[in-house]
Amino acid sequence: MIRVSIDPAPIELALELAALEERGAGGVASFTGVVRGGDGITALELEHYPGMTEDALCTLAEQAMDRWSLLGVTVLHRVGRMEVGERIVFIGTAAAHRREALAACAYLIDRLKTDAPFWKREWRGEAASWVEARESDAEAASRW
Amino acid sequence: MIRVSIDPAPIELALELAALEERGAGGVASFTGVVRGGDGITALELEHYPGMTEDALCTLAEQAMDRWSLLGVTVLHRVGRMEVGERIVFIGTAAAHRREALAACAYLIDRLKTDAPFWKREWRGEAASWVEARESDAEAASRW
Amino acid sequence: MELLYFAWVREAVGVGQERVDPPEAVYNVADLICWLAGQSPGHAAAFADPTKLRAAIDQRFVSLDTPLHGAKEVALFPPVTGG
Amino acid sequence: MELLYFAWVREAVGVGQERVDPPEAVYNVADLICWLAGQSPGHAAAFADPTKLRAAIDQRFVSLDTPLHGAKEVALFPPVTGG
């Protein structure tokens, strides 16, 4: 079961994890990205390429299902404006064994960073700046 | 911040994850082990070595904190009888970067399997059998 | 050909979407970027440095040397930064 | 010396805890297991095969060749299966 969603609404962690647990898996792994404060950041804004983003995330989820023995994959990404402490992204994987669930979870977040058309803008009060892509993300994605 | 608990009470996933998110981390990784049905299994029963278990889990959590740059580690393990679909174990890690959170999470569940004194019994209706240790768990723990 | 712009490319050009009809000589994505740079001061700011740009043709990531042949929708944007 | 038993070791012996005073010749954990095997039919069932057993002295995992010297609490059990 694949669930992919790009939504301005907050991510409901408990609901998403419960749905994965109900897949009958022995193990559920998750990664949640949260807007981090510090460096004067007050909010984050996410823009995406409607249509292409959904396809890119579905393709990633299908690749993970093919590569590992998974019973469920959930990939959620928020778009629009988010305050410090809010969730940006959620990856959840369900598998009979922990190794598969954990590996697929790491794969999905690494590849999402380079393979899905999102752009992030940091707000510091009234000032906004586009986040630059990091070389380390390309390296992390290439190890798969 | 380290939180370790061995408890017969159910694991409250949403509360535990929210506490980790409040550490101000950019990323929270988790692994949840769930009682899997199939093969006639109706319930699982977990026995442990009181006192030593808490020490073993605290030591693991401290090792993870030392090895990765973590803002929070939570290790929860249920004991007693659990029905199919219930949570047995929860590992949660909070870090500024996803790599640390995910690696520490995988480390903790791999090492918990070999380093903490728990014993698992499977119930099939009225019949019970002790689960045998798996060679693959020793291998997974040794890679760290 | 339908063009889509995202992030600071969209902001520099001033619109997120426009329809263009480039000349025959505009063969690949890099040619398109070069041609677009001459269309207005906003376009010039957005398309001056192709090394800062990435592209998708018909919703698939492509390298800048990819021919435009048959492309219906071309998107130009900075490297992605999701997650 | 306080002994603790877990899982099927506890079930075979019939108690989870007992106090014993082994002779001087019982030097390490393996010796203790061998000596315990002679204490009752239940003990015999639990301690017949030392390769199936693991141990902790004063709440730390130890190998079976570890001397008992000064041990207050010795636990004997099958390989752990948590998580």
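We call the chains A, B, C and D, going by the order they appear; numbering starts again at 1 in every chain.
As a convention for this text, a contact is a pair of C-beta atoms (placed from the backbone, for glycine too) under 8 Å apart; a residue touches a chain by one contact, two chains touch by 3 or more.
Small disclaimer: the values here were computed from a predicted structure and weren't measured.
Visitor: Compute the centre of every chain as the mean of its C-alpha atoms, then state which one is farthest from the centre of subunit A.
Guide: Following the centroid criterion, the farthest chain would be D.
Visitor: Can you compute the centre-to-centre distance for subunit C and subunit D, using the mean CA position of each chain? Integer Å is fine.
Guide: That gives a centre separation of 73 Å.
Visitor: Provide the C-alpha centroid distance between subunit B and subunit C, rounded to the nearest whole angstrom.
Guide: So the centroids are 49 Å from each other.
Visitor: Can you give the whole-Å distance between the Cα centres of subunit B and subunit D?
Guide: That pair's centroid distance is 26 Å.
Visitor: Counting only residues that touch at least 2 other chains, which ones in subunit A make the list?
Guide: 33, 98, 109 - these are the residues of subunit A that touch more than one other chain.
Visitor: Return the residues of subunit D touching two or more other chains; collapse runs of consecutive numbers into ranges.
Guide: 83
Visitor: What are all the touching pairs of chains?
Guide: Chain pairs that touch: A-B, A-C, B-D.
Visitor: Which stretch or stretches of subunit B touch subunit A in the complex?
Guide: Subunit B residues touching subunit A: 13-14, 17-18, 21-22, 24-38, 85, 87, 96, 98-99, 101-102, 105-106, 109-110, 140.
Visitor: Quick check on the complex: what are the subunit C residues that touch subunit A?
Guide: Answer in residue numbers: 4, 6-8, 56, 59-61, 75, 77-83.
Visitor: Name, in rising order, each residue of subunit B that touches subunit D in their complex.
Guide: Subunit B residues touching subunit D: 33, 46-49, 51-52, 55, 77, 88-89, 109, 112-121, 130-133, 137.
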